[in-house]
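Before anything else, here is the set of structures, which you'll find just below.
Consider the two complexes below, in which subunit A is the common component and subunit B and subunit C are the respective partners.
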Partner chain A sequence: MRVNVIDQNPALVSLINDYTQQIPLDANFFISFDRSNTVKGSFAIPFKSFQKFWLDPLFLTFPYLSIHRVVINELVSSDSRNYAQSRIDQGHLIVMEDSEFDSDTEIYRQSFEKAIAAHTAYEPELDNADDRGEVKSLAYIATKPLNFFASHDSRALRLLESPTKETIGLSNVGAIEIYELLYYLRRMEMVQPEDGVNGLKMIYKYLYYLTKKEKLENPNWGEFYQLMDGLYASEIQKSTGNPTPYRSFIDG
Partner chain B sequence: MLTKEDLYTIEELAKEKRRVLELGMGPLGDNLFKVIRTLGIQLIQIPFLNEGEESDNPLAALYLSSKEEDGYSICYIGLNTTDYWDKQIFALAHELYHHFESSDPFVLCRGLDHSSDIRELKANRFAAEFLLPTEKLVHEVKEKNKGNQDLKGWPTNALLRLIAEIHCDYRLPFKAIVRRLQEVGAISKTVLENLLKIDARDHEGIYYTLGSNINLKAFQQLNTRTNLFGAEGENLGKLIENYEEGKVSLSELSDDLNLFGKSLDDYKLMEEADFDDDLALLFKEEED
Partner chain C sequence: MSISLTKLSEVVHHKRKNVRKITLEELSGETNINKDTLSRIENGRFYPSIEQLNILMEALRFSLKDIEENPDEKKVFLAMMGSATTEIERVNFDKMISMMLCLRKHDRLRKRQREEMTSC
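Right after this comes the complex of A and B.
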């Protein structure tokens, strides 16, 4: 996947301005990254590392992460499922339920779902598994309405980048990608100074800078961080509401 | 039953399609696959297991078309490859009728032999006509019968040799050829019924022996259940083009190929990890 270090993402700017907004997450945020299907010589990140370097800092930083009910049900790996469930039990992860909507709003939700599904492999009448999580999440987001969808799924991201989104109720929904959150976590010092920072760098490298082709297309971590700073550092400085940095937890 | 008008219309349709597709009037055989590709129909082969009798086959083939927003439509034929090869060819030609004629975007065709549905009868008749045009059949008969179309008085063995020759050349299943012979008046209804009692697939039977001696390779192939799974190379090529044009990611392509029992490695598309830096931190936690 390509990282965009040229254009500012208004969704990320909005998140920088107010990190306490609700951020709906896609299933792939909970499933340990695994590129072994597409990259020879690579293998899945063990869940322990995935949790330590990715999930824990994410939950430490953002107070209103959320996940749609069907996405939880689709988490097959027991590690991912248990992690999500324990975060729900601790009150750190909001579950988005379609049953929250009253009958009038539910009509809107269904029409959004139908419109969004038309661009995916999901058929609401059949309730097939393909793309169901993304469609249900996006239909919920459009109905609420919420500002973001955080995903690592190319189909969902394509949909949120295409002009089509204007016609299916997603015109105000921005996509937040993993590399943007990696940058934010690093910039806000939301990880341990040593291992944690290296962990973010390694995740970046694993996802975006692993093959020869990616090394030609994407900047290395140092350049990436600098280029992202060029796009967002001033926004971060302007922002008054920042999450509490990791260092403060230690010092405090 | 089909009316004379139905038969005429189907015959004309088959002729017209052969003309448009520049197929001439000769045997099509395996070129039918090329026709399918030329028409832009995506062929998906599925070995759909038949647990009952052959006549109860739950699926011979299906035709599916999907109209996209811009008016462009994508058409698919799903073909059950647990059928014998000649029946698969017949089923493909049968689905072509649905492609040409049906406004229904989804047509599921079960065993083709015993259908009484008028639309299915028409599709069967089209398949037979498309694979073996009436005038070619009449020509084949007259060639072997001193210019006569009526095979009255021919011994069964001679009839079976003629049918086997047509079978090998035109790739139409035995039963379909026998029915065609009756339709063009070459054999009587009684002879038809007697011929249909023959088990043409029985390796020890007279028909199989005669057929094997006419063209062993072709005859054996026609009587083989291919059990192939997947899409044709060209169709999968489209998936790869989508990746190369940046329309889908490598990971999506990998998932799509996987549906057809293929992997990125089969197309030398797997990228290689370039570990010039140490990713060990991510992976060492496993041992902790």
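Right after this comes the complex of A and C.
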């Protein structure tokens, strides 16, 4: 996947201005990164490292992460499922339930669902598993309405980046990608100074700078960080509310 | 029940032009919805938020019933599913309906792609 270090993402700018907004997450945020099937010679990231360098800093930073009920049910690996469930039990992860909506609002939700599904492999009438989590999440987001969807799924991201989004109720919904959050976590010092920063770098390299093609298309971690800073540093300086850095949790 | 974007565009256009007899600018002033957005709603190219839809229903005096999608198609599929008398029949109906929906989706996507290419 390509990283965009040329244009500002209004969704990330909005998140920088207020990191306490609700961020709905796709299933792939909880599933340990694994490119071993598609990139020869690569190995899956063990869940322990995935948790330490990705999930834990994410939950340390953002107070209102959320996930749709259907997406939880899609988490097949016991590690992912147990992690999500323990965060729900601790009150750190909001579960988005369609049953929250009253009968009138449910009509809108169903309408959004149908409109969004028309662009995916999901058919509401059949309730098949293909793209179900993504469609249900986006329909909930459009109904509520919420500002973002954080995903690593190219189909979901394509939908949010295409002009079609205006005809399916998602005109105000922005996509947040993993590389943008990696930058934010590093910039806000939300990880252990040495180990954690290397962990973020490792994830970046694994997801965006692993193949020959990616090395031609995407900058390395150092350049990436500088280019992202060029796009967002002034927004970060302007922002009045920032998360408490990792160091402060340890020091006191 | 779900809302039809086509019906919504027809109702909004008809009520504004023929019933209320007001311009897009006037409706925009009344509703605080951007004129371009209103124009795109009337062209079936914009799905309004719940808040925008409620404001429009009030300003142009129509209800959800007026923009309801025709549910007949869904009923056909459900009736077919319900008419299966054996497990094998049910599995085969499932497969057949899945193929029909797939073809319908293909048609829909092709139509949309054509529309997008025309509007470019």
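One rule holds for everything that comes next: the second predicted complex is superposed on the first by the 252 of 252 C-alpha atoms of A that agree within 3 Å, B and C clash if a C-alpha of one lies under 4 Å from a C-alpha of the other, contacts with A are read in each partner's own complex, and residues count from 1 in each chain.
As a convention for this text, a residue touches a chain if its C-beta (ideal position, glycine included) is under 8 Å from a C-beta of that chain, and two chains touch if they have at least 3 such contacts.
Keep in mind that this is a model prediction, so the values were computed, not measured.
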Partner chain in contact with A:Asn128 - subunit B first, subunit C second, else both or neither: second
Which superposed partner A:Gly41 touches (first subunit B, second subunit C, both, neither): first
Partner chain in contact with A:Gly169 - subunit B first, subunit C second, else both or neither: second
Touched partner set for A:Arg81, first subunit B, second subunit C, both or neither: neither
A:Ala115 touches, of subunit B and subunit C: first, second, both or neither? second
Which of subunit B and subunit C A:Lys52 touches, first, second, both or neither: first
Which superposed partner A:Arg69 touches (first subunit B, second subunit C, both, neither): neither
Partner chain(s) touched by A:Arg155 [first = subunit B, second = subunit C, both, neither]: first
Sites on subunit B touched by subunit A in the complex: 248-252, 254, 264-265, 270-275, 277, 279, 281-286, 288
Interface residues, subunit C side, partner subunit A - complex: 1-3, 5, 40, 44-50, 53, 64, 69, 74, 77-78, 97-98, 101, 105, 108-109, 112, 116
In the complex, subunit A residues that touch subunit B: 1, 35, 37-43, 45-46, 48-49, 52-53, 154-155, 195, 198-199, 202-203, 205-206, 210-213, 215
Subunit C partner contacts - residues on subunit A that touch it in the complex: 104-105, 107-108, 110-115, 118-119, 121, 123, 125-126, 128, 142-143, 145, 163-164, 166-172
